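Okay, got some structures for you below.
Okay, so chain A shows up in both of these, paired with chain B first and chain C after.
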Partner chain A sequence: MGYQLEKQTADEIFNCLKQDYDIFAPKLFAGEGCFSDTDVIRYGKVESLDEICWSRRSDYSFKEAFLPVNEVLFYFTEDSTSVPACRKKPALIFLWSCDLHALRRLDAIYLTNGPEDFYYKRLRENARFVLMGCEETCDTGFCVSMGTNCTEDYDLYLKVEGDSVLADLKTGEFQKYFDGKDCREQEVIPDHVTENREKVTLPRNLSTETFSDSVWESYGSRCIGCGRCNFVCPTCTCFTMQDIIYRDNENTGERRRVWASCQVDGYTDIAGGNSFRKNQGERMRFKVMHKIYDFEKRFGFPMCVGCGRCDAVCPEYISYVNIINRLAKEEA
Partner chain B sequence: MKNEYIPFSSQVKEIIPHTDIEYTFRMSFPEAGRVKPGQFFEVSIPKYGEAPISVSGIGEDYVDLTIRRVGRVTNKIFQHYVGNTLLMRGPYGNGFDIENFKGKEIVVVAGGTGLSPVKGIVDYFAGRPEEAVSVTLIAGFKSPQDILFRKDFEQWEKRIHVIRTVDSASEGYEGLTGMVTKYIPDLPIADPDNTVFITVGPPVMIKFTIMEILKRGIKEGNIWISHERKMCCGLGKCGHCKMNDTYVCLDGPVFNYAESRDLID
Partner chain C sequence: MGLDINTKLAKKNAYRIGKARGEGASRIRVPGGYLKAEILGMVQEIAEKYGNGIVHLTTRQGFEIEGIRLEDMDEINEMLQPIIELLDINQKEPGTGYPASGTRNISACIGNNVCPFANYNTSEFAKRIEKEIFPNDLHFKVALTGCSNDCAKVRMHDFGIIGMTMPQYDPSRCVSCQACVKGCRSLSVDALHMENYKIVRDHEKCIGCGVCITKCPTRALTRSPKKYYKLTLMGRTGKKNPRLGEDFLIWTDEDTIVKIILNTYRFVKEYIDPGAPGGKEHIGYIIDRVGFAEFKRWALEGVELLPETEIRECVYWSGIHFDR
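Let's turn to the complex of A and B:
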């Protein structure tokens, strides 16, 4: 069901939604970017529509609002364990089309690869997604190449244009907030881009031979293994387990999982001093092949959704897009 | 819905020391009947963390875990066990399928603690030698002090062909010396097509062992290996164990070499 309404009405609706949901959306943090004198757009809880950064792709993805960087799996005391409760209010998360496609990638790992993940499932069931349209392409994204520029999988679509707001309700859950309000029914089709500045041709004949391609070597010295490309990526899911002892009582503590990066030292260390992929070039190969080849072989669709965040965040200006295009070119 | 991350507590029934740093922990596990050799458990002590450990023996209501003391978690396990419990979750992984080896000439090549995951297979066929054409165990340890499962070796030697070797030993040592690979060229093999090899150990050992096995005209499909990789979850989620499109914790740790030779770290 699509509606056109006044901004003021939309603000009232937003206030009602706020009673029932914790609302997360991209916000601008001035001067806090990772390059000097730059701003950063990242997720936070929002209190009004005006706080939301609609038009510039966030530097960090919705994953920050959806999945905890540090997640407590259970607390332990001397002889018992207890699982923390889930967030009380459901989360309402604003995101773009590429990110909604990324959600399907997270689902694949957490819900279908091996047994269902208890913690992911309860967060997933307790989250709703509000699509923001894209009027123009972002700088580094290549969603069109990846087929992630459109989506129908949202619960709610919202677009603010001056004093006018467009809304599209895909699920009945939000109908009650619009009922009785001054809204004009109309068909609403989410804004989406049909062309990006960045274009990527996915190499289609990759094989295990690509693993030994010389492309990877040049990254051995360029990549510093900081892992930022993984942390901003909406489709990365890796984590490491950690046990923590509380300082004030040594008999109590918690087991948690913490986001991990395949580019950072220690990711593969095993007993006996063995580790795999010691060289950054090999780690780059591992990451890129996962994003555009391995994952697809296992799940039937590529992992990367083309959001372009990894290229934008890299302090060494490494372009993942260039790597893919180079592989495609070699193939041609 | 089951929360796979929550461990259960299991009683330490018995301790069997092998060396100063390697003990077998016999852990109560009522559902032991569904555990296969080659599978593993995530074993933990609260506050210290978890470690994946293979089952080295399967009883009616217990599983054996043979643990090498190497770091934070395993140290704590050694200090903590007396009359006590450990936390466990699992079993995870595919494990070995005994059916693949019945009626064959079986050769098991194991290095160090690598013997743990295959011990269930050796036990099985040492107990029922008639179910195989022949059974050979080549087991290698660093030095005589590092030899594991001494009591089991005494039993095995009576029933199957055992080659137990150490990399090096001081003068006067009576047993065999040299790497496990040294003993592969001269193995009596009647029919290479009906011979299966199972090899488990450190990555380098596996690599050189496979080279020797292939020289004997054994088909890749007749070789089985078990991989050890970093594992945080055992559930296909944490990503650490992934190679190509394969998750060692779910699809392995046991692999047929023909299907896994192209897996690249």
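Let's turn to the complex of A and C:
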């Protein structure tokens, strides 16, 4: 059901939603960028529609509002454990089409790749998603190449245009917030881009020779292994486990899972001191192949959604897009 | 008619009296070393019209137009006027050139306009100090640098201003990658370590350089909203006792620094050697003579330090002594 309404009415609806949901959206954190007097756009709890950064893709994806960077799995004492409660209010998360497609990747990993993940499942069941449209392409995204530029999988679509707001309700859950409000029914089609500046062709028939392709060495020698490409990625799901023993009582503690990066030292370390992928070239190969090749073999669609955040954040200006296109070209 | 030049006034008017009889150089101060490119064209025009076509880039971020005839100073001052206006230099009378040369150009590294390491806008702060202290005939050297790398070599100055930031840590965003720990160890002072997978910062060791923040891949470490500075004192070159400036205030703010510099002008007026050659005596030598405690009393007059500011109650300098 699509509606056109006044901004003021939308603000009232937003305030009602706030009572029932914790609302997360991309917003500007002034001065919190990497460098002095620079900002970062990342997810945070928002109190009004005006706080939301609609038009510029966030530097970090919706993932951090959805999957905690640090998540306590259980607390332990000598002979018992307890699982922390889930969030009290469901989360309402604003995101773009590419990110909503990323959610499907997270679902694949956490829900259909072996047993369902208890912690993911309860977060997932407690989350709703509001689509934000893209009037124009972002600078590094290639959603059109990846087929992630459009989506129907949202619960709610919102667009603020000056004093006017467009809304599209895909699920009945939000109908009650619009009922009785001054809304005009009309068809609403989410804004989406049909062309990006970046275009990507995925390689389709790589051979084992790709393993020793010179591209890994040439880009690997430039990579500093900071992991930014993973931390901004909406589809990276790797985590590591940390057992924390409380300093004041060594019989108690907690087990956390914490986001991990396949580019950062320690990721492939195993007991006995072995490490599988020691240099950055090997790590980059692993990441790229997983994003555009191996994942698809298992799940039927590529992992990468083409949001382009990894290319925008890399401090060494390594272009993942160029790597993929180079592999595709070599194959052809 | 013989050439009749008041060299003392000419020097105060920012002209150098050169080796060649009747020749000198016009000195153009650029506060913070930050200028619109159009000024370069104006400098070129003067150099080609009145100089020998050569310009020296000075050690304090100015231009020195070589080979000018001292009798052309008035005409050159006219041509300097648009430069002085573009640089927003305090001036008593338009068309009369730079009004003083005792207090030297406030120099600065490129700062956070461009540099990823800088913790503040050095040229903006340089301009703020410029507006407060110029024109002035007393011999003061002030320099600003964006971070503890001290590319501007501020410890060679009477007042050295080093940008700092107080790292803000959000453990809920930290992934224990240790990029900050490794960065601090290899590039800075090894003030970070990990306990229970979270970062602990040794505030006593931390120099506020900001390396940890630029290394953090998740924005778990960010800059403090407030900009902090380290103020170093009385570094100098020279014939008697060249030495590096010593820390005075750590985690201080802009207002305090400006007040201390202005207070120091009053201190110098009170205690300068009346027989000092050219009315100029390095502040450091005055402090050596009257004692640091007396200087500090004057410098901190009316100053309220931030609660987080660390002050060095006594400052001692070393350096090389050629005068003992």
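One rule holds in what follows: the second predicted complex is superposed on the first by the 328 of 332 C-alpha atoms of A that agree within 3 Å, B and C clash if a C-alpha of one lies under 4 Å from a C-alpha of the other, contacts with A are read in each partner's own complex, and residues count from 1 in each chain.
Simple rule for what comes next: a residue touches a chain if its C-beta (ideal position, glycine included) is under 8 Å from a C-beta of that chain, and two chains touch if they have at least 3 such contacts.
Since the structure is predicted, the reported quantities are computational estimates derived from the model, not experimental observations.
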Give one word, clash or fit, describing how chain B and chain C relate on chain A after superposing.
fit
With both complexes overlaid on chain A, does A:R277 touch chain B (first), chain C (second), both or neither?
first
Which holds for A:T208: it touches chain B only (first), chain C only (second), both, or neither?
first
Quick one: classify A:W259 as touching chain B (first), chain C (second), both or neither.
second
Contacts of A:T81 with chain B and chain C, given as first, second, both or neither:
first
Chain touching more of chain A, residue-wise (chain B, chain C):
B
First, second, both or neither for A:P115, with chain B first and chain C second:
first
Of the two partner chains, chain B (first) and chain C (second), which one does A:Q19 touch, if any: first, second, both, or neither?
neither
Rounded to the nearest 10 degrees, the Cα-centre angle chain B-chain A-chain C in the superposed arrangement comes to 110
Of the two partner chains, chain B (first) and chain C (second), which one does A:K297 touch, if any: first, second, both, or neither?
first
Please indicate which partner A:C238 is in contact with in the superposed arrangement: first for chain B, second for chain C, both, or neither.
first
In the superposed arrangement, which partner chain does A:T194 touch: chain B (first), chain C (second), both, or neither?
neither
Nearest-approach distance, in Å, of chain C Cα atoms to those of chain B in the combined model:
10
Taking the stated contact definition, name every residue in chain A that is touched by chain B in one complex and by chain C in the other, in rising order.
240, 242, 244-245, 260
Parts of chain A lying in touch with chain B, wherever the complex brings them together:
73-74, 76, 81, 83, 109-110, 113-119, 121, 208, 211, 237-245, 250, 253, 255, 257, 260, 262, 267-272, 274, 276-277, 282, 286, 289-290, 293-295, 297-298
Chain A contact footprint on chain B (complex, rising order)
1-7, 44, 46-50, 68, 70-71, 74, 202-203, 228-230, 232-233, 235-240, 242, 244-245, 247, 249-250, 262, 264-265
Contacting residues of chain A [partner chain C, same complex]:
29, 31-37, 40, 42, 60, 64, 68-70, 226-228, 231, 240, 242, 244-245, 247, 256, 258-261, 264
What residues on chain C touch chain A, complex-wise?
112, 116, 118-121, 146, 163, 165, 171-177, 179, 195-197, 210, 213-219, 222-223, 225
